[in-house]
Amino acid sequence: MSSIAQKKGFGATLWDYLTTVDHKKIAVMYLIAGGLFFVIGGIEAMLIRIQLAKPDNDFVSAGLFNEIITMHGTTMIFLAAMPILFGFMNAVMPLQIGARDVAFPFLNSLGFWLFLFGGIFLNLSWFMGGAPDAGWTSYASLSLASPGHGIDFYAIGLQIAGAGTYIGGINFLVTIINMRAPGMTYMRMPLMTWTTFVASALILFAFPPLTIGLFFLILDRMFGGNFFDHTMGGNTIIWEHLFWIFGHPEVYILILPAFGIFSEIFAIFARKRLFGYSSMVFATVLIGFLGFMVWAHHMFTVGLGPTANAIFAVATMAIAVPTGMKIFNWLLTIWGGSIKVTVPMLYALAFIPSFVAGGVTGVMQGAAPLDYQLHDSYFIVAHFHYVIVGGVVLAILAALHLYWPLMFNQMLSEKLGKWTFWFFFIGFHMTFFIQHFLGLMGMPRRVFTFGADQGWDLFNLISSVGAFFMAAGVIILVVNIIITAVKNVPVGNDPWEDGRTLEWAIPQPVPFYNFKQTPLVRGLDTFWIEKQEGNKEGMTYAEPLSDIHMPNNSFIPFMMTVGLFIAGFGALYNGEKEWAVPVLVLGLAITVASMAVRSVKDDHGFHIHKEDLMNEKGGK
Amino acid sequence: MMKGLKKWRLFSLLAALTIFLSGCGEEYLSTLTPAGQVGRDQFNLLLLSTAIMTLVVIVVVIIYVLALVKFRRKKVGENVIPKQVEGSHTLEVIWTVIPILLLIVLAIPTVIYTYKHADVSAMDHVDADGNKTAVTVNVTAKLYWWEFEYPDLGVVTAQELVVPTGEKVYFNLKAADVKHSFWIPAAGGKLDTNVENVNQFYLEFDKESAGLKDGVFYGKCAELCGPSHALMDFKVKTLNRTDFNAWVESAKTTEAVAEGDLATQGEEIFNTSCIACHATSAAGSAGGVGPNLAAFGDRNRVAGFMEHTEENLKNWINDPQSYKPGNLMPQPEQLNNGEKFSDEQLDALAEYLMGLSIEK
Amino acid sequence: MDLNKKYTPQTWPDHPEQVTMEGKNKFLGFWLFLGGETVLFASLFATYLALKNKGPSGMEFSTQTLFELPLVFIMTMILLTSSLTSVYAMYHMKNHNFKGMQLWLGITVVLGLAFLALEIYEFNHYVHLGFNYSQSAFSSAFFTLVGTHGIHVVVGLVWIILLIVRNAKRGFSLYNAPKYYTASLYWHFIDVVWVFIFTVVYLMGVVG
Amino acid sequence: MSHDAQVYVKSETEFNYIKQKRRKDMRGQITTFAIMIFFTLIAFTAVAADFSKYLIAPVILLLAVVQVILQLFYFMHMSEKNHNVPMYFLFVGAFFGFITILTFLTIIWWG
């Protein structure tokens, strides 16, 4: 089937992608869309750094600057980092556990489209009267006071995209719980799968509070609610709590998959089993759990009282312990191994000191009285870019190189990869290290400009120069991708030669049904075991060759999303334009009708027959 | 022996850090040059935590570099399959327990200071005559400016906070429109000004600000509050107790008087156009629509952030929106029959305003 | 496998909803969804409790003056009973008694509609008193919490009606058994939420 | 992993046994229902009878919790095997929800 797809015309390919329910194609779409948003968010970051390169700059205006930082933060977190990670999870996790597809292929596609259209909706604000300007945290008093529709775009856009993420989370959870191949016990699951599991559980519990918070914001701004209007008895702190009850787990939703990716990389390129596997699993779960107990560390200066601050301060510090376990386990994994410094490994190696530096500043912020000084200063900006860029973005770049051959059957250039790495890595430290000091020297964050002679001029300039290095790195990466795609040299499976888990055992290009026969998993790092035992095929099978049941493609997810997208505009202009309510109703009607079609029309999927499987040698 | 060594290491690290860090930043603005007990506590916590964190980073980096040097494939050989180690319980215990100990060291002062800095019980103490013993300031944060009311003294000012040195000064913090946050980096941490409740804390100031570069400490708004959030600065003047008492007395009694023709002319314009929002007497209570201008001539900045020159003042009056986007001061056209102020009018206004002073 | 295969009571599996992989996934996925819903409603309850009786100065409405227990009592009884009737429906599903299941689900729907009608009446009544959505933070929180539950009732009803109608002529299959089963889970969950609503909102509201 | 369901024909005895067992279960469900109704009555009566607020609140909350546990374990079959994962996730969700409610009741001030 995939070989047939190659010969199809553009229209047919497009239709194929619009309707696909194949986790591998959805992964590619996540990667492309997320990558685009990353570049958009990156350009916004560049604008920020250009504006702040010198004091009293007027490159962008005050109002525009606030729009830029808001969109930068929102885009990067919701539309770049998370979806790209979702892409890798989609591409890798089902293969790692020996599944033919995810548990809900239809919902998988729905989740993607919701994310994409939510993101588009949010970004349309640029062209429709101004972007949101109250920060990615959108604190209620300011977000209620903000004129225009910017905040409305934020609330509705995130609501749509968030629904997609939520659906994706449930899908991954069920996939991991129900679809593991025989022998793949929980304690044999690769770490990437484990972190996907825990991150998805966090999504399951963290997104509902955000949904509710956004819902309140929408109701207050567009439908006459009074949740945050204190003159009507409302309370803005409710928003802050709901946002951070979501927001703190969110940062672990980002970092845990990154941990998973690095765990794979260290094991592969040190040619060594992950040290302390079971404590790694334990730490992952513990981090996830503790992640829900600490949100108020973002609110130390709100005035919650010393008891609340003390409790949340101590709880926050506790997270350092499981995270430390992970760091030391990684160190001990490469200790005594045989380290090969490929591009993915380079990123993994760079990650350790960078992330530790970011993590320990987090613990410093966790010390509440110290945070009274650090909060809302550039120290915070430094902290979270150290953990996010030094953790999540490095993981994304690493995974891009690591899994590129798995996803596209071709290798990114190692040489250009190293160039990207060095530019990005040096630029990253240059940009953000110095920001710690800016914060300590009294520079608040979210300032569109700063007066000269407050002692901040030089450091800001250095920081801005660093950002250009990062941009250069990203541009080289784009070049690398284009060159590789044009050359298109197939590499086959296990291109890194030391692959340890099932995904590297599958023939390339991966057949759309993944496994012709369900594999039997005989231990942790099952592919490694097979290779060590001299099994050329790399897999032992759990069942004889038989018919495979596959789900049908469907256009309904796309239609459901379009309906919500249209309804979003109706809600946005409610009470302002006459057509608002009809449009709202129309949009919802499209969505509901699509759902009705889905539930009325039976969809039993189709079978690939045994004979066909045997004909197509090697499962192509 | 190990313990002694560690202590010694920690100590020298601390000393080195102090020197290094206080080299950064400006004395009137940096958290690294604390100007009062609260800031100093927090700075000490910074030093302690930085020391612990540096230690952690160093340990990690040492293991890391050793591993990298010793176990490169080039070195161990291309075809070597390393031993597949499962893990080690001893090591697990070590790297669980040591971080916990380090965190306890950090957590104890954290909790102590948390309670200490929130203790405002002395705020309502009164002396034998029933007068409050401590100075309390009601701070109201408004869109891009700050109002400071001294409820027990009957004085109100704006943009420049005046406080006595050597004693705890208590603050009641509130926002009038959207949320802001009150921060004097050199004196200590920030506290939010919320819209629905009053937050309380205290700060201390050791030193009179007269010796600083501008003669004031810098204060900042630390919570995004709209387009001109970055410009929502204020200044802090610290006086010894005698000077402070004199300042209070003068603030209560000084009447705004225009000296000279030009200033009198300015006063007239002011009284038709500006008086509805701006008070010119510091005696009274909070609630001004615009900042109280009684002490305008003594100020350090125009509109909180521009250099204190007549030129800037005139520019500001004639186009406040372009200097502080989103602020609530009407454009001159709204006050002056649809026109900008003429140069003469501006000269007069500036003359009048620059003459308003309570310190002379 | 033919999902439309016909079964007899003797061949019908013990857990028809969990025989196929699709059924298993649906079953688990739906439970996880309910886990998320728990947090969702907890957030709504938390907000309601924080904003209970809060309004513009001099607000005349409060939980004590507003709520009337007899109506709530009737609504509670109706919804509790509908929970039992859907248990009956599942009982018949297990016994491969299609007619029985459809009938009991029909009764569930009727009860659900009755509940909904009373709720609409109640809301309408409050609005007439002047306690409308925009009246105060309290009113917003109240209508949003109880209304979100109401919307769940609507969704549940539409879902069950669709199932009844769509499968009326087709009888049981392993394809629709998981659908019936999850719909009934949903309906129970609605009841679970209501138990907290009548306790926390109404009863504790009247107590003050 | 298989998508196929083995068709298994029950013997007459087995079939009857299972049917009997189901009937018994159903009777249990009705008992559960009776308890739930009873609890509801107690709760409403307690409020109508105007007992002290500090007595009523904990009692009716407790009744609600027990009722919900009955719903979950019997009506929603959580007591049956194969429900470990659902139970785990539901309780974790309930726990996080509880913490949320607790903080909203304590550290959001009243003003």
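In order of appearance the chains are A, B, C and D, and numbering begins at 1 in each one.
Keep this in mind: a residue touches a chain if its C-beta (ideal position, glycine included) is under 8 Å from a C-beta of that chain, and two chains touch if they have at least 3 such contacts.
Listed by chain with UniProt protein names: A = Cytochrome c oxidase subunit 1; B = Cytochrome c oxidase subunit 2; C = Cytochrome (Ubi)quinol oxidase subunit III; D = Cytochrome c oxidase subunit IVB.
Please read all numbers here as calculations on a predicted model, not as lab measurements.
Summarising the inter-chain layout, the chain whose CA centre lies farthest from the centre of chain C is B.
The chain closest to the protein's centre is A, with centres computed as averages of CA atoms.
Here the spacing of chain C and chain D, counted between their Cα centres, is 14 Å. Note: centroid distance chain A to chain D, computed from Cα atoms, is 36 Å.
The geometric centre of chain B is 52 Å away from that of chain C, both derived from CA atoms. The set of chain A residues touching two or more other chains comprises 177, 179, 204-205, 209, 230, 235, 237-238, 245, 305, 549.
Contact of a single residue of chain D with at least two other chains is seen at positions 1-3, 85, 89, 92-93, 96, 100, 103-104, 108-109, 111.
Residue numbers of chain C whose C-beta contacts span two or more other chains: 1, 21, 28, 32, 35-37, 39, 43, 47, 50.
Chain contact summary for the complex, chain A toward chain B: residues 61-63, 66, 133-135, 139, 141-142, 145-146, 230, 235-237, 270-273, 275-279, 301-303, 305-306, 309-310, 313-314, 317-318, 320-321, 324-325, 327-329, 331-332, 334-341, 349, 352-353, 356-357, 360-361, 363-364, 366-373, 375-377, 437, 440-442, 444, 446-451, 454-455, 532. Only residues 177, 179, 181-182, 201, 204-205, 209, 230, 235, 237-238, 241, 245, 292-293, 296, 304-305, 308, 518, 542-543, 549 of chain A touch chain D when the two sit together in their complex. For chain A in complex with chain C, the residues that touch the partner chain are 103-104, 166, 170-171, 173-174, 177-179, 204-205, 207-209, 211-213, 215-216, 219-220, 223-227, 229, 231-235, 238, 242, 245, 549, 596, 599-600, 602, 604. Remark: chain C residues 1, 5, 7, 9-11, 13-15, 18-22, 28, 31-32, 34-39, 41-43, 45-47, 49-50, 69, 73, 76-77, 80, 83-84, 87-88, 91, 94-95, 174, 185, 188-189, 191-192, 195-196, 198-200, 203-204, 206-208 touch chain D in the complex.
The touching residues of chain D, when paired with chain A in their complex, are 1-3, 85, 89, 92-93, 96, 99-100, 103-104, 106-109, 111.
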